[in-house]
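Next come two complexes built around subunit A: one with subunit B, the other with subunit C.
Entry: the complex of A and B
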């Protein structure tokens, strides 16, 4: 970690602010995906604040660890953390989804330094991350690579191509994380297309598998630590999360997958988050 | 067929084989280069590179979609991936190419072999006939179809030197060698094989040989055709097209590919906007089928006789 390490309670406070940022930016944009941004924010914030080697003032530093947000619709969470860490002025969050903005509706490496891969067309991020991890190995470099996927996303076949192939190359520098928030646009994930038994599937593909509560910062940190200690295998972290986590009326409600809060809803959400 | 006006300058070679040799030639010069295959290394001719540089060859199994996006990840780490498969299987992963290679301007070299009906007996499912059309919609991908061995070797080297996405369109079948030792491949530059006065015939890859035969037959009928190797589909030599339009008023494109969006489509776009001329697009207008390559070229009109006859009709002769 190149940034001075936060105390856990400071990180909790940061994440509370990131949730506020997410609500405010989505309200201002008038569109976007609160449910999957709020379910992923603890994971993303932990990666940036605790786990990854990176330099906010030098986003293209070659030695950086790579983070690929494969579930690109969750990018408000990533933008909130990036702004919080100084990748760009927090003021820029107001430009989310606006014309001529660097903060595209889905992540674009063509617009914002620090975004590693252009995603949003689901199912591709793990392949990209695997390429990064493989190149690091081939070049004798020590970068680690993290890929965050949605649960609905892994219904895409390409995910399983990457899942099959990453263990072949013994990519123990690769960590895949599933934000298992149990919901996708058309309904509960396991009704739309059942994923279970999900850990068994990844185990059968020769991944080191860890299940955690994706909102418990201690468990998240321990899982990343366990991944670092795992040799010759990529690690899969199945993070059980709650869609819309932190805003009571959004939690577990599918309709908040891709709808921005109006003024009243925003006020109510902010009141909850600001306590 | 009469090819006497086009002297052979060497052994006929499939451009996929030339690619395989070129990889070995440039391997030391480009240490960041890696080669990725999806279970077709014997067909794409990367097998020798695999043997000589096993640590720089990635065998991914039959996973073309994963291969395309993975290569973009590798390119983002400073490597230069050449990813090889049959052209149709690569371009079939259009979404991955659109997002991971095109939109991200990834420094990945897509190498599609076994293009066109020229592959023969395997039939349509293995024939790339729409690859140029698909890739032409992604504005930053360079599209090259080299015409013979010497040109292929240079095109592969150019692709490695060029920072950006490139598609190399290579044949299964042998191509006659018509460039001499001192030939210099120039990207985006029409390669005039034989100058003429009456009409320009623009061919690419596997159709250059029958186009040569057509030019010879037309000469017997008193028609002096210019024969041009259009190795660069993008960037397209617009200056040549404008000039040819003025000089001849009549152009013919011949491609072992769909005329809808292929070389013919690309040429039509330029001519209509910049220098209208009479244009005849020869190529595929349907799906392919099994058969010996020569029989298929006969059936679908890629013969000297057919090209010459249609060119003469275009000229009203």
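Entry: the complex of A and C
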């Protein structure tokens, strides 16, 4: 991290603001995915504020660590953090999904410097991240690569092709994170397609596996530390999260997977978040 | 042609540290030298084409130029979304070196026959589509691909075809090669159907025709400058390709001629159906009317000699 390190309570405050930003963004856009943005925000904010080497004023700095948001629909969370860190003016968040905006409904490297991959078609990000991690190894660089996936997303077969392959290359610079919020658009993830025992599956694929509470900043930070200390294996962090975390009426409610809050709902959510 | 393509990739890799080879389930015997001398940039990946495309994209965006080699149908049909999202949106310099373009794998049936690969690749923004006609031209194509900025699909045909390309004509991506100027009737072809077009020309010459032949080794971007400037002597254009009549060179020409020309167009290609015969490539091509004698007969019924 090239910025000065925030105290944890300062990060908590930042994340509270990011949740507000997400709600306001989605309300203004009139569409988007609040559930999976709110479940992932603690993970994404921790990555940018504590874990990754990057330069907000130089997004294409060659030495940067790479973050691939494979669950592209969660991008409002990433935009909120990027704006908060100075990648672009916070005012630009108001342009989410507008016709001439750089802030597309799914992340694309074509529009906004600092986005590494175009994602949104689920299941592809881990393969791409693996390629980045392999490149760093070949080039003798110390870069680390982080890939955040949704739990519904890992129903895609391509995820398991990459899961099978990364250990072959001993990519200990690769960290895959699953935002295990237990919901997808068609219902509870494990009812649509049971993923369990999920840790066992990744262990069997020869990943170093860590399960955490994905809203606990200490546990998130410790997991990233443990990944750094792990040699010869990629790390999988299974982050147990709550869909819609932080807004009481959205928490665990599948209908908030892909619906923007209306004016009343927005006011109610902001009231809760602003406390 | 495949061996020449891969040998050229190896030669490029020896000169340029950006070049990476990724093969999937095609047998890497021809590249033993590559594997032994540059093992760190030689990857034999699993039977997992979708993941290989993503891996290649990740490597391309971090400075490498990956050449991915596997069977054409598995690249184009199975990985269409990965190619669109991972390669084309980001315009990453990945080269898809596709074995068995057309009916090469006739004995294996429709699962392995790439009859719509050009169509699938041609409709993707940022994709370039190269279909060389022989081993010599394949080498020139692969060399030309090294510094091209976006993704490229390179279609490999059967092996052992006669060499008809001429080194002095060079190879410039996006530039058609006029093989023979004629009048009234022009055959526009791509890939190894150029050899068939030359056979057709022999037959037609004996019947009093002065057939023109143009070779589009690059189907996309189509050389519209050539079309705009060189179609003057012709009233009839016949496209000829080892590909479905939907979406390939014939379609590309139809699109251009509809808006820019008043030429009659006839498309020779594989009809819009999966192969219902096996045998071998030559027999299947004849079955679909794509042998020189059948083509010449049909052309003679279509156009009178000039």
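Basically, the second predicted complex is superposed on the first by the 275 of 275 C-alpha atoms of A that agree within 3 Å, B and C clash if a C-alpha of one lies under 4 Å from a C-alpha of the other, contacts with A are read in each partner's own complex, and residues count from 1 in each chain.
One rule holds for everything that comes next: a contact is a pair of C-beta atoms (placed from the backbone, for glycine too) under 8 Å apart; a residue touches a chain by one contact, two chains touch by 3 or more.
None of these values were measured; they are calculated from a predicted model.
Asks: Quick one: subunit B and subunit C on subunit A, clash or fit?
Replies: clash
Asks: So, A:188: does it touch subunit B (first), subunit C (second), both, or neither?
Replies: Touch status of A:188: no partner.
Asks: Between subunit B (first) and subunit C (second), which does A:252 come into contact with in this model arrangement: first, second, both, or neither?
Replies: neither
Asks: Could you look at A:109 and tell me whether it touches subunit B, subunit C, both or neither (first, second, both, neither)?
Replies: both
Asks: Once the structures are superposed on A, label A:130 by its partner contacts, choosing first (subunit B), second (subunit C), both or neither.
Replies: Both: A:130 reaches subunit B and subunit C.
Asks: So which bits of subunit A does subunit B touch that subunit C touches too?
Replies: Residues 108-110, 116-121, 124, 127-136, 138-139, 157-158, 161-162, 164-165 of subunit A touch both subunit B and subunit C.
Asks: So in the complex, the part of subunit A that touches subunit C is made up of which residues?
Replies: 108-110, 116-121, 124-136, 138-139, 157-158, 161-162, 164-165
Asks: Please give the residue numbers of subunit A that touch subunit B in the complex, ascending.
Replies: Listed in rising order, the residues of subunit A that touch subunit B are 62, 66, 68, 108-110, 116-121, 124, 127-136, 138-139, 141, 143, 157-158, 161-162, 164-165, 169.
Asks: Which part of subunit B faces subunit A closely enough to touch in the complex?
Replies: Touching subunit A from subunit B are residues 34, 55-56, 58, 60-61, 63, 65-66, 68-79, 81, 95-96, 98-100, 103-105.
Asks: Going by the contact rule at the top, pick out the subunit C residues touching subunit A in the complex.
Replies: It comes out as residues 40-41, 45-46, 48, 50-64, 81-82, 85-86, 89-91.
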